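Shared between the two complexes below is subunit A, which has subunit B as its partner in the first and subunit C in the second.
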Partner chain A sequence: MRYLIVLIPALLLPFVLTDFWLAQVLTRSLILGIIALSLSFLATYLGVVSFAQASLAGVAGYAIAYFGPNTVGIGVPLPFIVKLPLALLLAMIAGALIGFVARRSRGIYAIMITLAIGVAFFYFTRQNYVLFNGFTGFSGVLPPALGDRSWGDPRPLYYLSLGVAIICVAMVQGFVRSPLGLAVQAVRDAPGRLLALGIPTTFPIIAAFAFSGLIAGSGGILNAWFQERVSSFSVGFGPIIDILIISVIGGLRHPTGAFVGAIVYVILDIFAIDLIDRDRFNLLIGIVLLAIVVAAPNGLQQLAIDWVGALRKRAAKTPAN
Partner chain B sequence: MKNLKIAVSALALSAAAVPASADDIKIGVISILEGAFAALGQDGIRGVEMAIADAGGSVAGKDVELIVVSSDASPDSAVAAARRLIEQDGVQVIVGPLSGSEGLALRDLSRSYPEVTIINGSSGAQDTTLRDPSENFYRFGGDGAQWMAGVGTYAHDTLGYEKVAIVAEDYSFPYTQVLGFMSEFCAAGGTVPEKFWTPIGNADYSSVVYSIPQDVDAIFVALGGSDAVSFLTQYQQAGFNTPIIGGSITIDQTVLSSDASFRDMLLGAPAGTPTVSDFDSPEWTAFSAAYAEAYPDGLGAPSIFAHHYYMGGHAAMLALEEVGGDLSDGGAAFRAVLDDLEFVQPTGGIMRLDENRNGIVDNFVIEVFEREDGSLGTRAIEVVKDVNQTLGQDLETFLAAGPVSRDNPSCP
Partner chain C sequence: MPVSPVPKTTANALETQGIGKRFGGFWAVKDVTFSVRPGERRAILGPNGAGKTSLFNILTGDYAASSGSIRLFGEDVTKSSVPKRIKNGLRRTYQHAYLFDGLSVHDTLFLAVAGLRGGWRQILPVRKSDPRRIEAERLAEVCGIPEFLDRMVSDLSHGQRRQLEIGIALAEDPKVLLLDEPAAGLSPAERPQLSNLLLSLPTDVTVILIEHDMDIAFRTSESVTVLFNGQLMAEGTPDEVMANKDVHEIYVGGTHSE
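On to the complex of A and B.
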């Protein structure tokens, strides 16, 4: 029921907004939110902050570009029905591999390992011309046709991204209630006790990373279709940090926080240059992000929930007065 | 604390409101205003502003409003910036971008917006206009190969170099620069036994330094900014003193001004560029003076970026004046004017376009010299007139050689 408050406006927005707001603000926020969701999931339920989520999104994005139509003449075109699951599978495998490498590390060590993997992947895509087309990457990565139109048009792509976002949130909520999801949370809370009970911790960790790869991969495919391109810049240091910022300012308490963080981040990113001297717009972005982190240590979503709670309390008190 | 929160939210929301008058002509500018290229991007903006100021800030009685957005050298960010300008601000003329791969991305994007005209800033990748060009993408300037015109011949015939190794960054613009150098150098009989491609932002060149063959006569270095400084320093410190040949952004004032040990190694080093700081011609002197007056805090002289963004902005203003500021036909008349536009460049030559809407330019061979005060500068030693994109070769032959890459061209 609570979700309808968000869902109904989200479904109606395309009829009131311009293409720019729909595509460049909302769709981009949804896509970044999906990728950030994969990080929020790991951080909240496994207790590991991974810097490799942009790389996982990149694996799926590169796969969809390599196995699909593009304008750089590299790759093997496959039918849509094959390349989509293949791209997601590759992202899951990449996630599982990262989980395998990082399975024994926590805290700052897990950050270092995943950061190293992310940066190594970035330099690899930039240097490798056979699979990744180096610096320039792939262009002309078009989504499939939708009748006589394209899934890449603003409205279809918005609804597609919205649908994928809802599915991803639902999957996360289903996963954390499943036995495997509970084991993942047990690894977070007390790995020693889990081992003492005779449950190995390796499998839940790898499974959690693979699952996050699936979510990040979904976002990565949408991102490739949205940008109509994927290149080494899509997996570079900038996107790695962006994803972290979005997760943190949105809040890690609930999966949907990632989307709140994404929309704030995207609006700032687009409009900061209009508000301030163009030499210093990054300063404004930094100050606002800093203010958010200081004022809302649990993220913007938690802040909003607290405000609503406070308003309700006040409303409940009023008749008594 | 609560007030702070409200202030922050209000700030974020007020971003949505952008005032603009309906009668103004809006020109979008895409330049790099963040990261390693920010200083260069800023100089590009100065160039466009000078072009607008030249026309008195208006065309055909309508005020011109510049809307500047920043990209970060990545194709993705350039595309996002262009979409924002087109869809949110409603511009029909864009000047930009700055860097090679951004240009390729905007060339692709321009096909989706046939009513928008994109006039390149300073991006110099070859295929932006050579292969599969777009009807509404213009480049009033050369590509990286044109910017090397004259250097290969000079190195072989005048300096007598027979064998040259190459060290360059691993992306589209240096590939194009290497092509420009090698097409002349190899044709003159020189050979390039080995090429070293390094990632942008590389700090450690030791593996490259010790792999360069000992018997080469010179090294062609196409690295930018801090990469050039790092390589030259490490090469000199390793005890080598092979002469250097520079790319268009290698021998630049920021590198020459650095107080580094490789100074002496660079004396007399030739390079190719469309923009020379100390060039003695009336047009350039006037342009430099206008630049220095408008921007006392600017660079010592207009850079390649100010020069090229100026030409992009200047072309837009001339063509807008011609059509009376009317873009209501989707810019068709505006583009028809641009196709045949000719104007005097700041360096004195006549700028005009080929059939792919790429500029036919004058290029300079320059060399590094020591000024009287001991600082290093560059001076023109040769001007190559009318360099077209195929470097004077037949189009068919030029295209048949294939797109530039790590291995193309090759003459070991």
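On to the complex of A and C.
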């Protein structure tokens, strides 16, 4: 019921918004939200902050470019039905590998390891021409055709991204109610205790990273189709930091917080430049983000929930007087 | 005293032969030999630093023994991994409640019951009617916290956490239970409740209990082992052990004669 309040407007928005708002604001927010969701999931349920989520999204994005139509003449074109699961599988494998490497790390050490992996992947994509086409990467990465149109058109891509976002949120909520998902949360709280139950801790950690790879990869594929390209800039410092910012300002209490964070971030990113001098728009973005983190330490979504709760209390009190 | 029914083998539930654990030049546990019959209730006493918890850590496999051997129902488990010993029926609780604060009581007990067996289905959400969830509800009943099933573990009182610890240890057919100071930090009102819980444990389960509270230890145990400075000092019925001069000295505090 609660979800309908968000879902119905989300379904109707394409009929009132311009293509610019639909594509550049909403679709982009959904895509960034999906990738940030993969980080929120890890941070909330495994208790690990990973800086490698942009790389996981990048693995899937590069895979869909390498195995699909592109204009740089690199890669092996495969049918859609093969390349889509293959790209997601590769992102999951990459996630599992990162999980394996970082399996004993917590807190700042996990951040360092995943950051090192993310940065290494960034430089690798710049220097490798056989798989990643170096600095320029892949262009002309088109989504499949939709009748006589393309899935890349604003409305279809918006609905596709919305659908994927809903599926990802549902998957996260299902996963954390599963035995494996409970074990992941148990690793976060008391790994030694889990071991004393006879449950190994390495497997849940690797599974959580693989699962986050699946989500980040879904976002990565959409991102490649949205931009019609994937390059080293898709996996560099910029995206790494963006994803972290989105997760934090959205809030880590609930998976959907990532989408709240994404919308705020995208709107700031687009319109800050109109409000202030071209050279200083990053300052404005920084100040607003700082204000959000100070005013809403648990994220914007939690702040909104708290406000609604307070309003309801007041509303409940008024008739009694 | 009637001998409890013994599963398959007539061997002791737990038997150690000269086990010890050395940290550098310090023996936390040294040359401890003792055995516990199936179904027996054994208390382990000793002042702080006597090596009681270290002994538990060796028995569970958290510490590798520096010397000696351990047999669980006749099988040598000295070199076995922690999960292997758990599979053989060995369970423990911790001195300091060490629980999954972010899970509900129900989910915690479910995890203890279900483990991670059953292949790929482990990634699917658990149904309300899942028999393992119902078993988790039964465990909450057994350990006396059925009304807190949906509560987060972090919201439980200290006493309830201790009860949950025991509920977790009772999951999945335990054969030997090692309880590390289950009454530590409990209020006087909570203590009788805990000893009743200990007395109500299934009789075929062997219980080894570290306890400082003499009332609880003697009320719930038929035999007592006393450790001192990592070594076995006395063993016997509660009466025998209390009559022991050395034990009396370390507990009641006699004069230190050279």
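As a working rule, the second predicted complex is superposed on the first by the 321 of 321 C-alpha atoms of A that agree within 3 Å, B and C clash if a C-alpha of one lies under 4 Å from a C-alpha of the other, contacts with A are read in each partner's own complex, and residues count from 1 in each chain.
Just so it is clear, contacts are C-beta pairs under 8 Å (C-beta built on N, C-alpha and C of every residue); 3 or more make two chains touch, one makes a residue touch a chain.
Remember, predicted model here, so these are calculated numbers, not experimental data.
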item	value
Which of subunit B and subunit C A:Leu197 touches, first, second, both or neither	second
Partner chain in contact with A:Arg104 - subunit B first, subunit C second, else both or neither	neither
Which of subunit B and subunit C A:Gly174 touches, first, second, both or neither	second
Touching partner for A:Arg312 - first (subunit B), second (subunit C), both, neither	neither
Partner chain(s) touched by A:Gln227 [first = subunit B, second = subunit C, both, neither]	first
Of subunit B and subunit C, the chain that contacts the larger number of subunit A residues	B
Touched partner set for A:Arg149, first subunit B, second subunit C, both or neither	neither
Contacts of A:Gln185 with subunit B and subunit C, given as first, second, both or neither	second
Common interface residues of subunit A - those touching subunit B in one complex and subunit C in the other	none
Subunit A residues within the subunit B interface of the complex	18-20, 23-24, 71, 123, 126-127, 129, 134-137, 139-140, 227-229, 231, 233-234, 236, 238, 264, 267-268, 270-275, 278-279, 281-282, 288, 291-292, 295-296, 303
Residues of subunit A defined as touching subunit C within the complex	174-175, 177-183, 185-186, 188-190, 192-200, 203-204, 207
Footprint of subunit A on subunit C - complex, ascending	60, 62, 82-83, 86-87, 92, 94, 98-103, 107-108, 110-112, 114-116, 118, 122-126, 168, 171-172
Touching residues on subunit B, where the partner in the complex is subunit A	1, 4-5, 8, 11-12, 14-16, 18, 33-34, 42, 45, 68-70, 72, 74-77, 79-80, 83-84, 87-88, 101, 104-105, 108, 170-172, 199-200, 405-406
